[in-house]
Amino acid sequence: MKARIHVFLKEGVLDPQGKAVMNALRTLGFGEVQSVRQGKFFDVETDPLAPGESEARLREYCQKLLANPVIENYRVEVLEP
Amino acid sequence: MADPKVTRALALQHGLTDEEWEKALSILGRTPSYPELGIFSVMWSEHCSYKSSRVHLRRFPTKGPRVLQGPGENAGVVDIGDGWAVCFKMESHNHPSYIEPYQGAATGVGGILRDVFTMGARPIANLNGLFFGRPDHPKTAHLMKGVVAGIGDYGNCIGVPTVGGQVTFNPCYDGNILVNAFTLGLLRADKIFRGYASGVGNPVLYVGSKTGRDGIHGATMASAEFSEATEEKRPTVQVGDPFTEKLLLEACLELMAEDVIVGIQDMGAAGLTSSSFEMAGRAGSGIRLDLDRVPMRESGMTPYEILLSESQERMLIVAEQGREARVREIFHRWGLDAVAIGEVTDTGRAEIFWHGERVVDMPVGPVSDQAPAYERPMREPAGLQSRTALDVASLPPVAPAAALLALMGHPDLCSRRWVTTQYDQTVRTNTVLGPGADAALVRIKGTTKAVAMSLDVNPRYCKLDPFEGGRLAVAESARNVACVGAKPLALTDCLNFGNPEKPEVMWEFARSVDGISEAAAAMETPVVSGNVSFYNETNGVGIHPTPTIGMVGLLEEVDARLDPAFKEPGDAIVLLGETFGHLGGSAALWVLFGLEAGSPPSLDLSAELRLIALLQELAAHGLARSAHDCSEGGLLVTVAECGLASGSTLGADLSLATRGLSPLARLFGEDASRAVVTAPRGGEQGVLETAARLNVPAAVIGTVRRERLVVRLDGNPAADLSMAQLRAAWENGLRPIVG
Amino acid sequence: MKVAVVRFWGSNCDHDAIEWAPRVLGLASEVIWYEERELRGADLVVLPGGFSYGDYLRPGAMAARTPVMEAVIAHARRGGLVIGICNGFQVLCEVGLLPGALLRNQTLTFLHQEVVLRCETAGSPFTAGIGKGRLLRMPIAHGDGNYFADAATLSRLKDEDRVAFRYVDAEGGLDPAHNPNGSLDAIAGILSEGRNVLGMMPHPERASEALLGSSDGAEILQSVLGSFQRA
Amino acid sequence: MKARIHVFLKEGVLDPQGKAVMNALRTLGFGEVQSVRQGKFFDVETDPLAPGESEARLREYCQKLLANPVIENYRVEVLEP
C-alpha cells in the first residue's frame, strides 16, 4: 500500500514556523499572503494489508507515533491499495 | 546501464590532464575500466592527492617531543601528559557550503568529527572559522544563516560543544565562502588507532550508513573553479545525519576499547575509494573488495557509483581475523550495519569485484602515494607593491570616540552572540572558557589540566603579505592560547587559496607556507595535521590567501587560568609589548576608510616568544586578573572588549602619551606581540617586574572604572563613551545581516 | 538512595547526567539501556538531555516509545522520583507523565545561554531544599523548549502549584525579554500531579561545579537526597 | 485564495528523518512498513489574486523561499480560488 499522512498543529496552537514563513514571504514582496500554517507529511509504503484495513492501520501509526495529540491532528489518505 | 567506453576524452572530462592520462595508462599497461578511471580521477584530484601543495607542505616543521602522530594520518595527536593525548584537525567544506549552506556546513562538521574519532579519540570540542562575503552582498545573509544553523545542528545533536572560532567578512568571499571546521578529541596516549590495512587475510568491514549516490565527484568538485557551467553539473548534495553519526561514534569507541581493530578510517572525500587505497597504501598491502556486499540505499547503483559515493557517516574497518562477529554485535547494538566486504591481501593490488566479476585491478602504491606532484610556477602578483604603499599622513583625522563606535559595531569586530548562542557550548561539562575568551579552555576530567584552543587568520594581512600574514596567524593564535595562561603545543591548519594553476596564487601559497613554517618552528609548535583547499575562485576571481591556524595549548593547572574580562574598578591596566602604531592592513583602515592597503605589521618572533612566556608566568603566579590579546582593531578596541566581557558595565580610564604618533595610530594601530592585562590595585608592580625580567616592554596605561571608557592623550581628553553605548553598537553589529 | 540514568540511542547528555550524582552527592549512578524493562531498584531515575533519536519526528517522540519508558512510567505511578532534563522533559511530556508539549523556540533557532530561574514552589522533593523565590543560574541548550499547554491545563498547573521554575531576569522579575524560548508563562520546569516527577529545560547537571561557572544546579540533587532521607 | 504546497526531498537524497520514523514504526510492531519519506507542507491563504495567476504565484513562493532547489522539489495545489 502507498499512503500519505498529514500531521498538523491543532487550531489554537501557536505555529511560530508558519508565522515566520508568512513574514518572510511578505518581506519578499508577496504582500497578498494573509496566513501560513506549516505541517509535516509522510509518504508511507507498506506490504499489502488486508482489504479495508489500511486506513485503520494508518491511524494507528499516527496514534502510536506520528502525531502528538496534545498539539497535533492528522489526516490519512490511501493512495494505492 | 552499461559503462561508457573509456577514452582519453572521457579521462579529460574526469579532470585528468593529458600527462596524468598517460601515467595512468603506463601504470596499468592497458586502458582503465570505467570504475578504474573513476578511481584515478578522485585519487589524483587536488583534494585527495595534494598534487599542487605536497612539495610545499614538506617545509612544515612536524616533529616535536610531544608529537605522537604528525601529518599523514586522519588527524594529528599530541601528548598532554599523565597518559593522555589530544587528537585534532581542521578541514574545509567550502564548495559544498556555498551550494547548500546548511547541509554543506553540517556535513563538514560530520567529516572532521569522524577524522578525530577514527583515531580512537572522543571528540570534546569543536571550533569553526567562517568567512563570508561583504555584509550587504545579497547572498551573505542566506549563506550565513544556513552555515551557522548547519554547524550548530550537527555538533549540538552529536553532543560536542562548539567553543570558539572566527567570523570574517570580506568582498573576496562573495562568490566563495569558507567554512573551516576544527575538532579536538581526547584519547589515551597508548591507544591511538590508525588507518592501516595490514595482516593478510584480515577482514575488511564496512560500517555505518548505507551507500547512496550522494556527492559523487565531490572531491573533484573541490578541485575545480566555479563557473556558471558547474552550477548545472551540481552533484547530489550530501545530507548529514548526525543521529547516525552519534551512533557510529559510540559504536566505534566501544569497539576500540577491545582488541578487535587493526586499522580504521572514515570514508570522507572519495569515499570507499580513498579509504581503501589509503589504508592499503600505508600498510604496503593489497586489498580485495566485493562491491555487491556494500549496503546500498538506492537500487541500480553501479560499481563506479559505489566506489565514488560520498555518502556520509560511514567507516572502513580492518578487524582481527575471526573477530567479525564481535564487530557486528557491537554495531547492531547501536542499530548500524557492519558487513565484511573484503579482505587484506599481500598482492599490493586493489582487486575489486562486482558479483564475481573483477572490475578493478590496480596497483595500490602508484595510485595512492605516487600520485602526481607538481612544482607549479609561481609569480609575485603584479601590483602588490603599489597596494602595500600607504601614505598614512594623507588620511583625514578621526574622532577617536566615533572611530571606536564604528569599529565595535562593524561586522568583523562586533559580538558573535547571534552565532554562538546557536551552538551548544557546555555539553559534556568541560567548558571552562567558551566563545568570547581569547582561547577556549576545556578541562580534562580526572586531572588538573585544561586544553586551550584558538583559531586565527587575518586575510587582509595575508593578501598584502602572505609570508608575514602566515607568521602573524601563528603568532596570534599562540598568543591567544597564552592569554588564558596556557602553553602553545602544536597546530593544525586549513590553507584556503584560489586556483593553484595561477602562478600568483601558487606564490601566495608558498609564501604563506614559509611564514607558517618559520613561526611554527620558532614557537616550537609543530604542524600535526591540516588541509588544503584550492580553487576557491569564481569566474576568475580568487579569495585572499586564507591560511587558518588552529593552535592547541596546555594549561597544567586549570585554576590558574586568565580570561579577558575586567574584574574590579580600580584594577591597574597594563599594556604589554611595544607600540609602533602600525596601520597597514588594519581594521581601522578598512572600517573607517575602506582601505585594504599598506603592509601588515612586522613580527619579531623573539619578542612574541617573550610575551607568550610572560603571559604564562603571570597566570601561573596569579599576578594578573585578566588578559586579552591586542590584535584586530588595536589597543582601544582591546580595552573596550575587556570591559564588555565583564558582563556588567566596567570600563576604563586610560592615560596615553602619543609619542609622536597620530591618535589613529596610537589608539587603533595593530602592532603584533601586545596584550592588555589587569592587576589588582598595587599588584601592578608584580606585573611590571616580571615583564622587566622577561624583557617585555610594559606600562601602566590606566585603571578599570565603572560605566565609561575615558581616554586622555598627552593629558587632553580624547574620548569619553558610556559602556552602554559601546555595548549597543557591539551587540547589534550583525543585525543588518541577520536581522 | 539509588540513582539511575537512562541511555537512549543518541542521548548526548547521558555522561553528564551519569556523573551528576557522583559529583554532587558522592553516590554512584546506574546506567540503564533503552531496551531494559527493569530499573534495577532505582529510587531516582534521570532522563538525560540531548537529542535522543536525533530529535527526528519530534524531540522525545521516539525515546518515549522505547521499552524502558514503560518501566519509568510504572516507577512514577508508584510514586518513584523522576527528573527529566531538556530532552528528558520532552520525553516525559510525550509519554504523558507531564502535561503539555515543548514547541520550537520562538527564535526558531537552537539557543545556548545562561538563564536565571526562579524556584516557584518548595512543595516537591526537588525544590524543598531550595525554597520558593530562590534564584538559580544555569545554562539552557535546546531548539525546542517553548512550553505549551492549553488554557485548562495551564490553570490547573498554577492552581495546583505545579510550576517548579520560571525564567526571570537577574533580579528575579518576570520579563518577556528574559524568557528565552517563548514558553507560556515563562515556564522552565513543571511537576507531575504527584509532585514526584520533575521536567525542566535548563541543565542543572552542567551547573554543579564552580569551575564551570555555577553550582546552583547541585541544589536540586541535594534537595532530592534531603527529602529522600526524611521520608 | 487558499492553497496547499508540498515540499519534499528529491529522489535519491538521503532522508534521515524518514528513515528513523520507518525504523521506529517497525520496532513498534508495524513490520509491514517498507519505506517512509518525510516532507513539509504549507497551508497558505492570500488575498484574491488575478484569475489564472495563482499557480504561478505559488510556484514563485517555492522558488524564492519555501523549497531548496538543490535537494527539494515541490508541488502546488490551489484549494479555493
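In order of appearance the chains are A, B, C and D, and numbering begins at 1 in each one.
The rule is simple: contacts are C-beta pairs under 8 Å (C-beta built on N, C-alpha and C of every residue); 3 or more make two chains touch, one makes a residue touch a chain.
Only a predicted model underlies this, so the values are computations on that prediction, with no experimental measurement involved.
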| note | By C-beta contact count, A-C versus B-C, the higher one is B-C
| message | Distance between chain A and chain D based on Cα centroids, please, to the nearest Å. | response | 10
| note | Cα centre of chain A to Cα centre of chain B, whole Å, reads 41
| said: From the mean C-alpha coordinate of chain B to that of chain C, what's the distance rounded to whole Å? | reply: 36
| request: Using mean C-alpha positions as chain centres, tell me how far chain A is from chain C in Å, no decimals. | output: 29
| query | Residues of chain D touching 2+ other chains? | reply | 16, 20-21, 24, 28, 38
| note | Among chain B residues, those touching two or more other chains are 241, 243-244, 335
| Going by the touch rule set out above, which residues of chain C reach two or more other chains? | 53-54, 56-57, 62, 65
| remark: Chain-chain contacts, ordered by label, are A-C, A-D, B-C, B-D, C-D
| What does chain B use to touch chain D in their complex? | 99-100, 102-103, 209, 212-214, 234, 236-241, 243-244, 297-298, 311-312, 335
| task | Please name which positions on chain B make contact with chain C in the complex. | result | 149, 152-153, 156-159, 241-244, 246-247, 334-335, 420-429, 431-432, 443, 558-559
| remark: Touching chain A in the complex, chain C uses residues 57-58, 61-62, 65, 93-94, 99-101, 103-106, 108, 146, 148-150, 182
| query | So in the complex, which bits of chain A are touching chain C? | reply | 12-14, 16-17, 20, 64-66, 68, 70-71
| Of all residues in chain D, which touch chain C in the complex? | 16-17, 20-21, 24, 27-28, 38
